[in-house]
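First chain A sits with chain B, and in the next complex the same chain sits with chain C.
Here is the complex of A and B:
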């Protein structure tokens, strides 16, 4: 009894308590719903069986039906486009900005801080703002493109099937760029300055230094950022809800929005769960990559 | 032939004047140490030579070519950094051959050059390791090999030994000097450690507050310091200074409280001028109280086995270094003997040698 007490106060028991509390929290609020979701994707669920946990087991029936739906592959394609374009846009713009602010001109840190404003804003608000910007007849975006002679007539970004998905991508890039920039700035500033001096003395010009010092030294930061970007982008729901609602005719529908639509609009909870499970698998892979990148930090 | 010439070099950081009219010429093949307390400008001078700092005025030339406006990569100098600045994501071999790769040397040629240099610096077995897998001494060797492989016009060292432990430091001191002699290189070596400067260099440059206080051969600096600062900085433990006043006929007497003692030195200064008498601790010898020229009480003693450091309870406190062990304890009265030829005299106002 006494040993148990001392272990709880200062010892193994105390450590277990410290880990136990957040672990219990995670299990109850994340783990169980996750398991419930996976189980549900293998069951037949309707409005009447929604309240019970024991439901008819149907195996991969939900998945088969899902894949057989005509909109399945287009939506998966949109999801892939959304992921690739958003991550590429956010990363490239973020890296360009991070390099720009790295020059450390007067006021650089202030300006960099201001950029974070976009990331602090709720997705629905950002969506509403971009609704106005992208508006077909009075939008600023069209105005700018027209004045630059990029387009001749108005583009109806949100209702034209060709552009609907891209209107959400543009808003999402705007939303995520600053987060990329901040993480990349941190990565840049952790590269010791004397490495650049050594490389400069070794005869390397600015571009060579970027390719042989900056990029390899940023490898773990970039790996972590891309996998975080993948997770955040797969979570991006608000912008779809605010800008296109997945329309027109699924032209801008993506997996995460479709899952919500199936579950809470069409009340087909089993198929909604099945999509979520597919997304969980993708996110899991990204998480493994993320953990590996952060573990492989190269530091002298 | 002069390999490196600084003429009238000035450097400002905003209003701070870091280098003040530096004139310095370095012979080809010589080993020059820049030494001084931290903040004296020695590193700034070295970095200006490398091109990592832009100088505000004056000119720098390397091997006859004015390089003031050239970027570091066009100056053909190699630098060993205090932190070594090894590329952490590259193996030892890649670190060594980075400069060759940048200059478009073929892969086979790079491999051969790396093998050759590694053999001379004892890195042959480590070529495929990463810097994080090396000890401090090995990293130091990689940093030097990276400089050697380029065969540059000059080697610049920025306190390269300060991250090593004492024993390794003494060893690397000899190794760097031997390497310099073998390569016939021109080396500029920055250090705050006067022992490194004295033991390694052919030519020592003592700096303070952006000014060269004195330069010359190490032993000349020791024997004839140009001012009080150099006298106190070169030599360990530091020189003792006793205030005194010039009397009739240029005579100088010192008084440690036991009566005035006249020194056999003639000082060319007006009567009444205040001066500082400098005597190195190793030039003072302990005697019986009556036999020496000065009498003092012992404040405390420190012995390292081979040498004994004795501090006196006088104003100012004097330090005496004796070889061997002395049976003196604090409170003992001792005599201090010295040769007048080893006495230095400095002006108390200007601190210049008289």
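Here is the complex of A and C:
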């Protein structure tokens, strides 16, 4: 007993205890649901069997039914569009802003940090604000576009099937641009300045310097950021709930919203689990890449 | 072009960019202050004719926001307390050693960080139903948030512990401290700022959490503000000034905290996310 106590206070036991308790907590509350999700996706689950562990095993039937649903492929397509457009928009705008704030001037770092409010705000609030900004008849977004002569009539962002997905994408780009910018700024500031001085002496123009120094030096940051963007974009749920609820008629529905909708609106937990398993596999692949691209930095 | 002129010009451009970027926030506050008819005017007014300050106490009363905000605070505080108690130790161990097991642990932590809440909620809901945890909905949400956000906290705080010189801890051990004593009286105080900033970040996230609360809490009087705001926004609502007032009351504490602690939060975030 004494030895156990002294090990806990002053030996191996101290470390094992510090790491063991949180690890056990995570395994029970994250790992277990993860495994249970896979199990459930192979079972027949209805409202009556929800409360019992033992349910009929149906093999891949949930998956087959899921793929056979007419909305499956459109929703997968929307997910791909949402991912690609959000990540591209966030990254390009973020990179442009980061390059601008890299021109060091008084107040630059403070102002740059201020942009991050879009990222710390609750997603529901961002969604509510953009819902109002993108309103068809009275939205200020339409007003600005009309004044700039981009559009002639009002665009009904949330209710027009062509634009519903884009209304969420616009809001998501706004939300994530600042985060991209901050991380890209960190990457930019770690490029040694003498590289640019040497290139300038050799007569390289601004564009050449960007292509031959900035981009290659930023490769690992960009790789990490793109996979991080993939991870964050696949987590985006609040904006869908606040702006379109996946509608009209699934025109703006994406996999992560559909999974929740199947489980909690249609009470089809088995299909909800099946689509979750598919998407979690995608996220896992992205995160393996993310971990690998930050690997040398992880070791500090 | 002189140096000061260049700086002034760049600052001006930067201010303009910030104004464009933060316009949605401005619009939220301005809309809240408009009357029902001014809100729908075309062209829109960019400054309210008669600011309706009374709307804030009115919406606060009407929607019972005191209860919503209190629930948000309870859920966020519970999550942060749980995460900080468990996560700090894990971060310390993962920062102090370098071997295969630490790499495996770190890999696991990073993998758990990326699981989307809206995909994990299905199994969590069913498991919580099976174990009876759903009878304590706010506790259930706290546990779910803790499992979701702890990996992020561990990654951030680990970066802080990496910057605490190990020599200080070794000196304390030589002076006769136990491992636990050295951790408690030397390492923790030195890492206090980093832990605090990470805890604030986690608090902000948990304060705005939506998926778990929406799915696990049925009783209105136990729901946090995010769910309240969602319920307020019906599909064909025209009460936008009231919704924006609700949103303003909800985010202003977060925005104020962020602006005050901006420098620390940004540096804490950047040290963790890529390192």
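Basically, the second predicted complex is superposed on the first by the 277 of 300 C-alpha atoms of A that agree within 3 Å, B and C clash if a C-alpha of one lies under 4 Å from a C-alpha of the other, contacts with A are read in each partner's own complex, and residues count from 1 in each chain.
In this section, contacts are C-beta pairs under 8 Å (C-beta built on N, C-alpha and C of every residue); 3 or more make two chains touch, one makes a residue touch a chain.
These numbers come from a predicted model, not from an experiment.
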item	value
Overlay on chain A: chain C relative to chain B, clash or fit	fit
Contacts of A:182 with chain B and chain C, given as first, second, both or neither	second
Inter-chain angle, chain B to chain C through the CA centre of chain A, in degrees rounded to a multiple of 10	80
Chain B versus chain C as contact partner of A:212, first or second or both or neither	first
First, second, both or neither for A:138, with chain B first and chain C second	second
Partner chain in contact with A:194 - chain B first, chain C second, else both or neither	first
Contacts of A:203 with chain B and chain C, given as first, second, both or neither	first
Chain B versus chain C, judged by how many residues of chain A each one touches	C
Least C-alpha distance (whole Å) that remains between chain C and chain B when both complexes are overlaid	9
Overlap of chain C and chain B interfaces on chain A (superposed complexes)	298-300
Interface residues, chain C side, partner chain A - complex	6-7, 10-11, 13-15, 17-18, 21-22, 24-25, 27-28, 31, 39-40, 42-44, 86-87, 89-90, 92-94, 96-98, 105-127, 129-130, 143-144, 146-148, 150-151, 154, 162, 178-181, 183, 201, 204, 207-211, 214-215, 225-226, 229-230, 233, 235, 240, 243-244, 247, 250-251, 254-255, 258-259, 262-263, 265-266, 269-270, 273-275
For the chain B and chain A complex, residues of the former touching the latter	50-52, 71-73, 75, 77-79, 81, 83, 85-89, 98-99, 102-103, 131-132, 146, 150
Complex contacts: residues of chain A adjacent to chain B	192, 194-195, 197-205, 208, 212-213, 216-217, 219, 298-300
Interfacial residue positions of chain A with respect to chain C in the complex	8-11, 14-15, 17-19, 21-23, 25-26, 29-34, 36-37, 40, 45, 50-53, 97, 100-101, 103, 105-111, 113-118, 120-126, 128-133, 135, 137-138, 140, 143, 174, 177-178, 182-183, 186-187, 221, 224, 228, 231, 234-235, 237-238, 241-242, 245, 256-257, 259-260, 263-264, 269, 272-273, 275-276, 279-280, 283-284, 286-288, 290-291, 294, 297-300
